[in-house]
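Shared between the two complexes below is chain A, which has chain B as its partner in the first and chain C in the second.
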Partner chain A sequence: MSRRPLVREVPPTSWYFRHPRYLRYMSREITSIFVGAYCLLLVVGLQRLASGPTAWEGFLLGLRSADSIVFHLLALAAAVYHATTWFNATQKAMPIQIGEDFVPGNVISGAHYVVWVVLSFAILFLVGVF
Partner chain B sequence: MAKSHKPVVWFPFAAGGTVIAFFIPVIVVLTFMAALGHIPPGLSYEKMHAFASNGLGKLIIFGVVALSLWSSAHRLRCTFYDFGVRADTLVAIVLYVAAIAGSLLSAVYLLQI
Partner chain C sequence: MTQMKERLVQLEVLRYNPDTDTEAHFQRYEVTCYEEGVVLDALNKIKADIDPTLNFRWSCHMAVCGSCGMMINGEPKLSCHTFLREYEGVIRVEPLTHFPIERDLVTAPDDFMEKLKRVKPYIIPKEDKPISEGEYKQTPAQLMKFRQYSMCINCMLCYAACPQYGLTPEFIGPAALTMAHRYNQDSRDGGRKERQEVVATHEGVWECTFVGACSEVCPAHVDPASALQQMKITSSIDWIVEHMIPGGKK
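Up next, the complex of A and B:
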């Protein structure tokens, strides 16, 4: 009697609906679409900045539309989701050992959060938001 | 010893992931304020031009944009695969070429400032 090899059928386009963990993974994957699109916006901004004051001011005014506000909200949510999941993963990706003991994971991720908040407020301050 | 090109892709990916996590949210906040009509004083042409004229400023801008582009391209490649697009080589070529082109263009624009 020949045994058929066990082949599991994995639907290539809908596998992530099988488990909430896969859905969380895919929701993080999707953030790359908005972050990538935002990076392209930054390249366009640099081109406008290099073209002189009128072009730059036109670029800033061009951001003032309903579409742009929606895009920014999506990009902000995606960027923040990327950042928090990235910092949460640092304790798994680079555990630190001192002597016999490992530094607690929360300390590693927590340190990243502290640096993130300080850096963000420093940049907002330097740009004159407050 | 087995040789792999993966570190070449992976180093900028990890560096880009870190750069995106630390810098992109706050940069989005700044352009979001402009979108709402409250342009932060630091985004004026004089301030931005002065920052981008400085060698260190150019390096910071290029580092943030190029690493973020590369990391996004690599993550988008994985996203395409996970959504069932199996033409991985084609997807990889298109995305990496776009990331490299975007980085080169950024460098050209920065050198024009």
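Up next, the complex of A and C:
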């Protein structure tokens, strides 16, 4: 008589359909593709800039195409989603204890949003938007 | 005395008999339970009135022993803490995923127990002192530093929720790693270096990709995900000190 415990396999490629929270996780992971692609675009831009004015003008023209604008909008949405989920997670990774109490989580996450806004404005200021 | 209201409950329970079955199958039951009842009550009623062969574990019926964990409509839950009134229609009850099924709803917890042992979940005193010198004292603030992580009831719901554990069974996993963190954070403990040999490895915290499911399902609000992320940070700091700061190597 065999008394084997039954081992159930986890489907290696479709497990994330098993629960909405896994899909949420995967959507966060997928945003990194857009963030990565945008970094690549910046590197290509630098390379064009180094190859002279005609290459650079061509690059800028490419950026104005409809495809490019769609990509930028998608990348922006992905980056914002990635950043917010990250900021919301910081309160778990970096709790601050003062005496017997912990600083409320939303204060820690909130501080990250504040730094984000300040840095964004600083960069916009440096590139001469204001 | 007011009459307690009753409701008809339909359950679909996954059955597996290791002596005769090669596959598990669902069996449908119908029982009348008190409106205020929990899923465990329904199972006990089935066992008492309908089918004495149905197997499941439980002990305390008050969410402290951690033995009644099962999948209820696909969600890892303590069956003694899951109210029937929160469900419409047929309730699907399965054993915890990611663990081998011993029989019906009973799973084999051996892998988790083994892993728990590996993180040395006990105080390794900083310095041994004779009993005559009295107890190791701790302030309330020092207690608060780890208290939340000491609330684990070893129910293994977090392992059933964690896709990384399902995909990579070598992963030490949420509750065991959280236990390591609990002792590392304890002012009386000096065992962190020993535990790092298990914690700061691929099978340890670096297998965690922060899905966060463990913390969502934990019935004791332990928040294992937070413990693991904190250990990733301290392990990274260790690495930087060791490899990038001259003279930092220990």
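The criterion applied here is as follows: the second predicted complex is superposed on the first by the 126 of 130 C-alpha atoms of A that agree within 3 Å, B and C clash if a C-alpha of one lies under 4 Å from a C-alpha of the other, contacts with A are read in each partner's own complex, and residues count from 1 in each chain.
Please note the rule applied: a residue touches a chain if its C-beta (ideal position, glycine included) is under 8 Å from a C-beta of that chain, and two chains touch if they have at least 3 such contacts.
Just so it is clear, the model here is predicted, and its values are computed rather than measured.
Of the two partner chains placed by the overlay, only chain C lies in contact with A:Arg21; chain B stays clear of it. Of the two partner chains, chain C is the only one touched by A:Met94; chain B is not. Contacts of A:Cys39 after superposition on the shared chain: chain B is touched, whereas chain C is not. Once the two structures are overlaid, the count of chain A residues touched is higher for B than for its counterpart among chain B and chain C.
Contact with chain C, but none with chain B, is seen for A:Arg3 once the two complexes are overlaid on the shared chain.
In the superposition on chain A, A:Pro12 contacts both chain B and chain C. Looking at the shared chain after the overlay, A:Arg64 reaches chain B, while chain C stays out of its contact range.
Taken together, the two structures place residues 12, 16, 29 of chain A in contact with chain B in one case and with chain C in the other. By the touch criterion given at the top, residues 17-18, 20-37, 39-43, 45, 47-49, 52, 61, 64-65, 68-69, 72-73, 75-76, 78-79, 82-84, 86, 102, 105-106, 109-110, 112-113 of chain B touch chain A in their complex. By the touch criterion stated above, chain C contacts chain A in their complex at residues 16, 18-19, 21, 23-24, 74-75, 97-98, 100-102, 107-108, 140-141, 144-145, 163, 166-167, 209-213, 215-216, 223, 225-226, 229-230, 232-233. Residues 12-13, 16, 26, 29-30, 32-33, 35-36, 38-43, 45-47, 49-50, 53, 56-57, 60, 63-65, 68-69, 72-73, 75-76, 79-80, 82-83, 86-87, 112, 115-116, 119-120, 123-124, 126-129 of chain A are the ones that touch chain B when the two sit in their complex. By the touch rule above, chain A contacts chain C in their complex via residues 1-8, 10, 12, 15-16, 18-19, 21-22, 25, 29, 89, 92-95, 97, 99-102.
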